[in-house]
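Please find the structures below.
Shared chain: chain A. Partners: chain B in the first complex, chain C in the second.
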Partner chain A sequence: MEGMVDIQIHEAACRGCRMCLDICPTDVFAFDEGRGMATVQAAEDCIACLSCAYLCPSNAISHHQFHAVKNFYRDISFCRRMERFL
Partner chain B sequence: MGSKVRLNTDWLSDCGGCHIAIVDIHERILELLGAIELQRCPVLTDIKGYPDADLGLVSGAIRTEHDRHSAEAMRKSCKRIIAFGTCAVYGGVPGAGSVHTREQILDYAYGHNPTTEGHTLPADGVDSLEKLVTPIDEVIEVDLYLPGCPPHPAFIFDALLAVIEGRPPKAKDETVCARCHRRMERTEVSHVLANHDGIANRTQCFLSQGYVCLGSVTLDRCMAPCPNNGVVCTGCAGPTMQVLTEPNRDIRTEVGDRMAALTKIPRKEVIESIERAAKTHYAYAMATEMIGKKPTFLIEKWVAAIEEEGQP
Partner chain C sequence: MSQRDEEELQRTRETLQETMNFLGAVAAGLEDAVGESAKSITYLAGKNLGHRVCVGARRTNDVEEALVELRRVLKENGCLWTFDRFYSKASRSTSAQEGADEVLLVFRDCMIRQALFSYGHPQKGSLCNMMFGFFAGALETIMGRTSRLEIKHAGENACLKCLTIDR
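Moving on to the complex of A and B:
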């Protein structure tokens, strides 16, 4: 859907800790008991705070189609180095 | 042959494991050799000089004058340099030497080593140690980074192929947890356990059981062999991107957040436990300024203390 944040969970990486369910302020996630992993239930409610992405132990959650807020404390040389990781 | 990518590799201060990991690509190296012309490579070829190359893999940190010379020679001979392995990217295990003076290190290794006799320091044909250990990007310009201790051969294979084909590598910035098969479950555990306390459950996450595992703050370039085989992650591939990039996020606070969510252990207790544990949580990455400049990291204080002890 246009204008909606696209949230992807890498299923093989999800360890089923439910931390994303707990931290999400808008209840975007649900838990699939059968498969023991988190699923995206209400992507339209996502406010792209990225709390889930930061807390996810596996770094398995990725967001697309959102306005990235540029942090003022990041310096350019440092960010360039980050782009070079293979 | 002319269209092949010419590859040089060199080996500075490290254990040699990264180069062995190249050999561990096994038969698939034949696929690479269709596109790569292997020139200088200390484990596979007998080329002593630095022939002109398109790509250079440099493993190891800068610890001696010879390391600095080799790194500069690699930079001059190669169009693109990949910092290869945790030592080259972050300083690695040799980097932990920065918290001791050179005299202390030499004295422990030679002067008062309990397992040797003679106790004489090597004098001839050995380069002297530099004051501090530095990752290679503080000495030469580095084009790409491939951390890992060593990087799993699958990552090396794909990274080389990606560079040759000019595409992004398949490697993501997921953590060791992403490859670990243990289940992260909520538990009633109320205290942090030392690694030697009891026997850990084989299928449940170490954090759920109260053991401090650095899997969730460590980049996956390893396929998680340690936690999958009953050993907690010690963070050998270096910290995740968010620990590196966010000044207020730190290994101890991130582990504290997650462990507190999984168990009944207060976040503060986890953080204090990690801080008490000989500061080994940054053992592989403490030499890099990416970590050294973090406000949450105290390496500058330690180095200042070394300098106060008196250096030439």
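Moving on to the complex of A and C:
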């Protein structure tokens, strides 16, 4: 099993839209009503799907120490092999 | 792992991913041609494959042991579908529903997701259904029980799926 993912929310960037709370499948985030922004309440439950980071309109969420999947189609040597089909 | 082994693994992955990209294009075409039925077709194809690759697998009735055996079979067959059990902060056990066991699985490196993203196909389509069929067939062979694998969340870097195994 992977170690705990490190999630950071850039406080100045967060607009409190709650989209990260809606998209997260494992309820990693909570909403701080007082400050009107999202907070990380259960980082250990993060599966690093990165949906919150992709969805965040102000790009306020970043992940560290997670397993990044191998995107072969972005790999130069793989793309050369794919040219046969394109 | 030696550098030669790593290179060999990389070559295998690339070849496998090329095949999967081709399959992704076929599945997308199938969805256009036959609509929702495409999911049934790919599900049955996956289930058949699951049955076949697990013929020599060790039989067990324990969910945890069955998943370990399934991982071993996948690895033995050169399939790089790595998955981990997901335990939430609140619960660290298999949840038992009425007449079934439920486990949450996280899929990280997934050939299907990469194949779909390569050509902009959406997730949760017929190719994902092939994987559900594969798990159903494999677990039916290993455990002698029927099961369902449903996507709870399809992400860019990982997917969370719920495996329900009937008792």
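The criterion applied here is as follows: the second predicted complex is superposed on the first by the 72 of 86 C-alpha atoms of A that agree within 3 Å, B and C clash if a C-alpha of one lies under 4 Å from a C-alpha of the other, contacts with A are read in each partner's own complex, and residues count from 1 in each chain.
Going forward, a residue touches a chain if its C-beta (ideal position, glycine included) is under 8 Å from a C-beta of that chain, and two chains touch if they have at least 3 such contacts.
If you're wondering where the values come from, they're calculated on a predicted model, not measured in any experiment.
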item: First (chain B), second (chain C), both or neither touched by A:Asp22; value: first
item: Partner chain in contact with A:Val69 - chain B first, chain C second, else both or neither; value: second
item: Which superposed partner A:Thr39 touches (first chain B, second chain C, both, neither); value: neither
item: Partner chain in contact with A:Tyr54 - chain B first, chain C second, else both or neither; value: both
item: First (chain B), second (chain C), both or neither touched by A:Ala13; value: first
item: Chain B and chain C footprints on chain A, overlapping residues; value: 54, 73, 78, 81-82, 85
item: Parts of chain B lying in touch with chain A, wherever the complex brings them together; value: 82, 137, 142-147, 155, 159, 162-163, 169, 171-175, 177-180, 182-186, 205, 207, 215-216, 240-242, 244-245, 247, 249, 257-258, 261-262, 290
item: Touching residues on chain A, where the partner in the complex is chain C; value: 1-2, 25-27, 42, 44-45, 47-51, 54, 66-73, 77-78, 81-82, 85
item: Complex contacts: residues of chain A adjacent to chain B; value: 10, 12-13, 15-19, 22, 36, 54-55, 57-60, 73-74, 78-79, 81-82, 84-86
item: Of all residues in chain C, those that touch chain A in their complex; value: 13-14, 17-18, 21-22, 84-86, 88-89, 106, 108-110, 113-114, 117-118, 152-153, 155-160
